[in-house]
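Sharing a structure here in structure tokens format.
All chains are identified by letter, namely A, B, C and D, in their written order; residue positions are counted from 1 within each chain.
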Amino acid sequence: MERNVVVLLAGDSGDGIQLLGGQIVRAAAQSGRDVRTLSDFPAEIRAPQGTVSGVSGFQFRLAADSIHDPGARADCFVAFNAAAYTKYASQLKPGGLLLAASEGFDARSLALAKLPADADLLAEARAQFRVLEVPVKDLTLGALNEVSLGQRDKMRARNMLVLGILTWMYGMPTEVVETELHAVFRGDETNILAYKAGFNFAETLEVQDYRVALDRHDPERGTFKTINGSQAVALGLAAAAHQLGRPMLYSSYPITPASDILHELAKLQPEHVTVLQAEDEIAAVTSALGASFAGGLGVTASSGPGLSLKAEGLGLAVMTELPLVLIDVQRGGPSTGLPTKTEQSDLSQALHGRHGEAPLPVLAARTAADAFDTVLLAAKIAVECMTPVILLSDAYIAGSAQPWRIPEIDALPSITPPRGTAGEEAYARDAQGVRPWVAPGTPGGAHRIGGLEGEEGSGRISYDPANHQAMVRERAAKVDAAARLYGPLEIVQCCPEADTLVLAWGSTYGAVRSDVERRAAQGQNVDYIHLRHLHPLHPDLKPMVDRYRRVVVIEMNEGQLAHHLQGLWARPVESVCKTTGQPFTTEELAELWN
Amino acid sequence: MERNVVVLLAGDSGDGIQLLGGQIVRAAAQSGRDVRTLSDFPAEIRAPQGTVSGVSGFQFRLAADSIHDPGARADCFVAFNAAAYTKYASQLKPGGLLLAASEGFDARSLALAKLPADADLLAEARAQFRVLEVPVKDLTLGALNEVSLGQRDKMRARNMLVLGILTWMYGMPTEVVETELHAVFRGDETNILAYKAGFNFAETLEVQDYRVALDRHDPERGTFKTINGSQAVALGLAAAAHQLGRPMLYSSYPITPASDILHELAKLQPEHVTVLQAEDEIAAVTSALGASFAGGLGVTASSGPGLSLKAEGLGLAVMTELPLVLIDVQRGGPSTGLPTKTEQSDLSQALHGRHGEAPLPVLAARTAADAFDTVLLAAKIAVECMTPVILLSDAYIAGSAQPWRIPEIDALPSITPPRGTAGEEAYARDAQGVRPWVAPGTPGGAHRIGGLEGEEGSGRISYDPANHQAMVRERAAKVDAAARLYGPLEIVQCCPEADTLVLAWGSTYGAVRSDVERRAAQGQNVDYIHLRHLHPLHPDLKPMVDRYRRVVVIEMNEGQLAHHLQGLWARPVESVCKTTGQPFTTEELAELWN
Amino acid sequence: MELTAKNFQSAEEVRWCPGCGDYSILKQFTEVLASTGADPDRTVVVSGIGCSSRLPYYVDSYGIHSLHGRAPAVATGIKLANPDLDVWIITGDGDALSIGGNHLIHALRRNLNVPILLFNNEIYGLTKGQFSPTSREGQVTKSTPRGSVDHPLNPLTLALGAGATWVARSMDRSPAHLRDLLAQSQAHQGSALLEIYQNCNVFHDGAFEAWTDKATQALHAVFLEAGKPIAWGGTEPTHALAWNAGQPEVRALSRDFSLADAWIHDPSDRLKAFALAELEGELRPFGLLYAAKRPVFAAGQPAGTRPLREVLHSGRTWTVE
Amino acid sequence: MELTAKNFQSAEEVRWCPGCGDYSILKQFTEVLASTGADPDRTVVVSGIGCSSRLPYYVDSYGIHSLHGRAPAVATGIKLANPDLDVWIITGDGDALSIGGNHLIHALRRNLNVPILLFNNEIYGLTKGQFSPTSREGQVTKSTPRGSVDHPLNPLTLALGAGATWVARSMDRSPAHLRDLLAQSQAHQGSALLEIYQNCNVFHDGAFEAWTDKATQALHAVFLEAGKPIAWGGTEPTHALAWNAGQPEVRALSRDFSLADAWIHDPSDRLKAFALAELEGELRPFGLLYAAKRPVFAAGQPAGTRPLREVLHSGRTWTVE
């Protein structure tokens, strides 16, 4: 029996591809399969219908066992139209199944896709793939015969017809899907009729040969939902505000792909959380800092250009030693770059992108679900160490949905602000080097802070050379001490005799993990540590690393982490990297190093 | 005979200390001595008179041979008042000469300096130093007996009286000084009378014992003037505009210590150069870029906070592949930091402080005079490689004056813009990877550029993964190729059998050079390379470095260059650094490593 | 050779949403370039970031799609390096008024010699529908699911307050009016702020219907003409404004109050322009509200002229022979 | 216990130049804190960077000396996190109008509930004398040795144009007037922009002498009072403004034109406030030009209230048992 299958859905952005994908994820997850996804939107808001630039894609991988990436090339490709086929045909494995919606390959569709009127795409396809043409339009209209809607409106249910086919093909429980559909569409039967028609079509007639029964794995218990990275961050912030029990100001300026966090929080309205759409990124970070000065937790998020604009504000946060969380949802750079694509090329800037000696903790989330936990850790460090923290996410994490077990509130980590009673010197450090947090409103606590160098202890302006030297080192030491709040160093993969260690960080997790597991399965002795803590590094990392002859660092940039690690360790590491705006696939990694 | 002497002048900011220092530098230089200086202003615009925070200091070192730093502790300290003494007494060598202006130690002066009324500073001083009290006020008023001015105005000539004393003490030619004074004060005899009185006082009476005759070195021929780093940058830009023969826009927003470049250029009005005081740093860098797009050379300058704000603009310059020169006059950081102090802590940001993969050349000036040449190189690289370039200077270079031989215009390096005729693809690279510079106004050259990733060659928007990867690497390669414009790698100090190499950069040059020369003189085998090119490194550097067992990297930060070099070379280097806001002294360096 | 609008259309595929108001603005813009005899070699279109700011790609002239909010600063540099160029700024309500507010007011006060076309759709289009500084109180957007609480900025009063020398408003749906104002903005010596109501049919559809729709336009849109009474209501106006003790007053035209009694529009009157700009309710003015003469910026900032030798040798020098 | 001005003076040594107008402003500020019964524990003074922006150090309350131009944004965050705090913004003409122009106009349009004290000395003091956005055409400064070519921004018209709800002007040299306006600014619900003419005796000495000097003040300074005729000229006014067909007109008081005929100041009239703000010549208004009621910002942005459990479980969930 198959252990996993990769399916790619693509059609016009108006075809409801992402919605269809979302339904499949939920159905799969509820039926005990693991699932990972990858979305690909057009860069345009509304590209002209039927054109190649208007194609929206959704890939998912369904598996019997637990998996970590959405897979590389597809076993099955559902093409809603000629443009979709043109864009993604090369993604389908030779011999794979092409499920083509007949009407999407008619003359009009060819014209919209700027293809010659006589192009016979499906004939060409048959040379490489198994092709199953499905008259999606006719089936849909047929199913909705009784419904009193215009043809245009009926056609919106096409995606549900396909859902029905796929539900049957991958042996997912139709009861689950139907319950979902009832819940989503409330009373409206149109979509459910189309779904059932698709399911029946598949079962009774045509697609018997293509059925892939997947084993179910033993599902984890609990209450679940699907979340993407943006939602995970929003929920993580809500949880952090709850754990802190103080006001949180989420202040940000819209930018793709970070804005979805703003939308989520504005929609969710979690307790303690105020949402501000600031006039620009500088206002976003400085108003967040104002909130922190006032005794709340300031949070801001952005992507590339916005990170650049926040450099000065971060420096003030470093100097005033106030908590702040900055989430950078990385995208293709430099400059405006490739705003809808993914990349890990802001790492160096996160580490070094402020004038003066201005170190701060830098963390990275690996998946959507992991972003929830990492946001909580970032908030904990910010508050408990009184420091700004940068959390790196990226467009890939932000947009990929995965099933997530909703945690128990009791199990969330605590967030304990440092002492904040009056009468303390503004900068008197505790044993961990942390200054007190005496918020305005605290009786007798009046004091002034600012961006000028402060005298040790009192925080009063000081240009004294020895004081400056001491303060520079104390601020750095305080940041280094943040590592006390890390959990144990997690070794993802471990071979007893490995002399090669793979290091990666952020959203490459799924692909790298699959690649490493494949290598291990093939007898290559590699260990793997996926870094969540980019600064300071986990204290146990260096001793671990010293045990390996060879260290391979994998990332989606031109080797930024590799450069940084060499800088710290003064030992060679091998850099395996690419900067294409696309996530790594396991296939690609297999070829990139040996 | 003495080979060199270090003198410290200090008094109230109203006492004309800097002017006095300036006169001495010119007199010394014209009489064949080498001289290096160090100024220390109060951070306040006008601190209250007579207070410690209002003290202005000027240190100079006069030498028979060529020297590179202003010396560490002083042989002679001229204290104009009690506050100055309080601030700087510890800078005078034990047994050194304290030249005290009597009236500056009276009851009123003690009160202004917040000292007890019964403090007898000079009595205390006699325990450690040779003390010469000079009734500067009485002598000045006496000399100006005949002049019809109020006492207050007469007292402004006090500094010239001291100039007379020092001129005599250090055997500088009084003709030179007098010619200078005539030129500076035009018809006004007041200052010259005071000067002569000082000279005569010294010669005829009191200071015979303290005379230090310094040999003269054989002076370089040519026409000279004294310049500080700000003036050098302004002149360098004027020269660059001349060599380029196109408009230059110098656009900046005031900030200490970078603003003096703005003032100089506004005053000088060099041909081709337009000066714009922009509304903020973001406007400064983006308007400079606009000028570059329009076919001129955009130049901007700032210090710490301004560098942070320009990150996004620099990224656009990287992406649009337009020339741009950014001068960062570093000061104490992070945040507002220590605005009047010096530091080298913006290096990491200059190298890495932009989102996405956005490499650009980074150069550093070592002295005021060197800043002139380095600015020219920066402009040459910017134009000939079509790239933004960062030039690092610092507060120390900006403020220290030194004699400078005015170069012949014929001897200046050429600056040749890349081809710019119409019909070329906007991004078609030449053999060096440089794109054409087709400025608006060029017939038939219409094209569009921007911050989105461009298609190789045409520059049209492209999200293609392979294209993005290629463009990222081509932009980096183009920057790496800038090294072709470097001169030969200069080895400052070379011992035949050295196994230790010292690397330093920027304004530490004088102190490090003196320290290395001292070590060499004492038999320690050290070589020394002072880096002008921080990115890309000089191609000959790595092969050189490989010859040494030990590499010591000296800098005024927490080891930023050391980290970067380890990152590049994956070999250990020793970091010798401090972050105090003060330049290194040779004495200090002697103790910092061995 | 006479150029036509076609000559100003670039080969780049236009990628706005079908139905977007930007199409009409682009069309009128290229037509005005052609009709005013613009030279494509000397025309530079500068924009920030936003749907609107994509416009330069579609115009066959020089163009730079710069950074969000920074087009006025980029344009300032271009004009200073080469004042002979015809520079246009294309911007949106977010680009110009949110992140770019500072550069906008400084360009206006300096009187940089550039038309500034502000495409106001009361929304962030490109980032998919958050509220902008011109969004209305209560407007439901992606970032304000419960309605915006921010009080909107009025681009016209802001411009007047910043010392703008030319302030006007037009709309995507009135091509002739828009062309006329575009041509005027280009002719003005100095910063010309032209607000253009632009429909974003995806995220804030119909925002300006009251003024752009044939059915309601006559009731709500007041088309200003210098020297003419300020009146509206159809081909035969039914209403006019009176300037009553220093306040605008809406009057029905009648025997008691004829066009002769109405407020005569005088674009040189700054205060009255402010009064018109303040009409933020159902009644809104279109056309040129204000125009004044003031020296333009670039002219006041000439490049230096001192020869390099003189510059290098300036100040106190000495010579060793 | 009643606090006095002394209780609001911090121990920090005041480091402005001797003779600087900032001293008087600081003094009046602490006196107003005392007289209005401010609570030092709930008072927060927020500033940017500049000589003026050093003020928070000298006030014994909470204070943050933030970044150049960013005080309004910092204050916004403070107010959102804790609307109960009494927040003041201290800024300069460079801080507020050059680098900080964008945050200023957005604070004003949102009506953030904070007084904004703009110390206008028409120069950059802290950076030693470059021109600022309020410097005059032709003003010689370090960066304009041949005189500035920039047309100055008028902070009051800018504020009105941005939708400010409270706009006033005072001066360092009229302590009682300044104290009165400071107290009023604090009492206003919303953003209160108070421009304070402040003499920088080092880099732009005497800039405001015409209005601050006893000898000339009566001739040039018009002190506004609500409900009173707009008149000046000494204890017995000699001149007054008339509101003539919607334009201000200077009239000598005479039998033909008495105080009863003069323009009566009405701070609720926005258009007239704009007319007053536009007086940029020798005659300048002081006092409250404009005040209006509009909901304040912080109140419209309440923190969310949904319990965490509900938030975590929002949307489609499923349970595996």
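As a working rule, a residue touches a chain if its C-beta (ideal position, glycine included) is under 8 Å from a C-beta of that chain, and two chains touch if they have at least 3 such contacts.
None of the values given here were measured: they were computed from a predicted structure.
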item: Between B-D and B-C, the pair with more C-beta contacts; value: B-C
item: Far-end chain from subunit D, centres as C-alpha averages; value: A
item: Inter-chain centre distance, subunit C versus subunit D - centres from mean C-alpha coordinates, in Å; value: 29
item: Centre-to-centre distance between subunit C and subunit B (centres being mean Cα positions), rounded to whole Å; value: 45
item: Length of the line joining the C-alpha centres of subunit A and subunit B, rounded to whole Å; value: 46
item: Whole-Å gap between the CA centroids of subunit B and subunit D; value: 39
item: Numbers and ranges of subunit B residues touching at least 2 other chains; value: 275, 279-280, 305, 312, 316, 320, 335-336, 450-452
item: Per-residue multi-chain contacts in subunit C, two or more chains; value: 49, 65, 67, 98-99, 101-102, 106, 133, 301
item: Residue ranges of subunit D in contact with subunit C within the complex; value: 98-102, 105-106, 109-111, 133, 149-154, 157-163, 243, 245-247, 269-272, 274-275, 278, 294-295, 297, 300-301
item: Parts of subunit B lying in touch with subunit A, wherever the complex brings them together; value: 43, 304-305, 307-309, 311-312, 315-316, 318-320, 330, 332-341, 343, 345-346, 348-349, 351-358, 450-453, 463, 465-466, 468-469, 472-473, 476, 557-558, 563-564, 566-573, 578-582
item: In the complex, subunit B residues that touch subunit C; value: 26, 29-30, 32, 176, 180, 183-184, 219-226, 235, 238-239, 242, 247-249, 251, 265, 268-276, 278-280, 282-283, 286-296, 298, 312-313, 316, 320, 406-407, 409, 439-452, 460-461
item: Parts of subunit C lying in touch with subunit A, wherever the complex brings them together; value: 13, 15-18, 49, 51, 65, 67-69, 98-99, 101, 124-128, 130-131, 133, 142-146, 202
item: Touching residues on subunit C, where the partner in the complex is subunit B; value: 10, 12, 40-44, 46, 49, 56-57, 60-67, 70, 72-82, 84-85, 102-103, 106, 301-309, 311-321
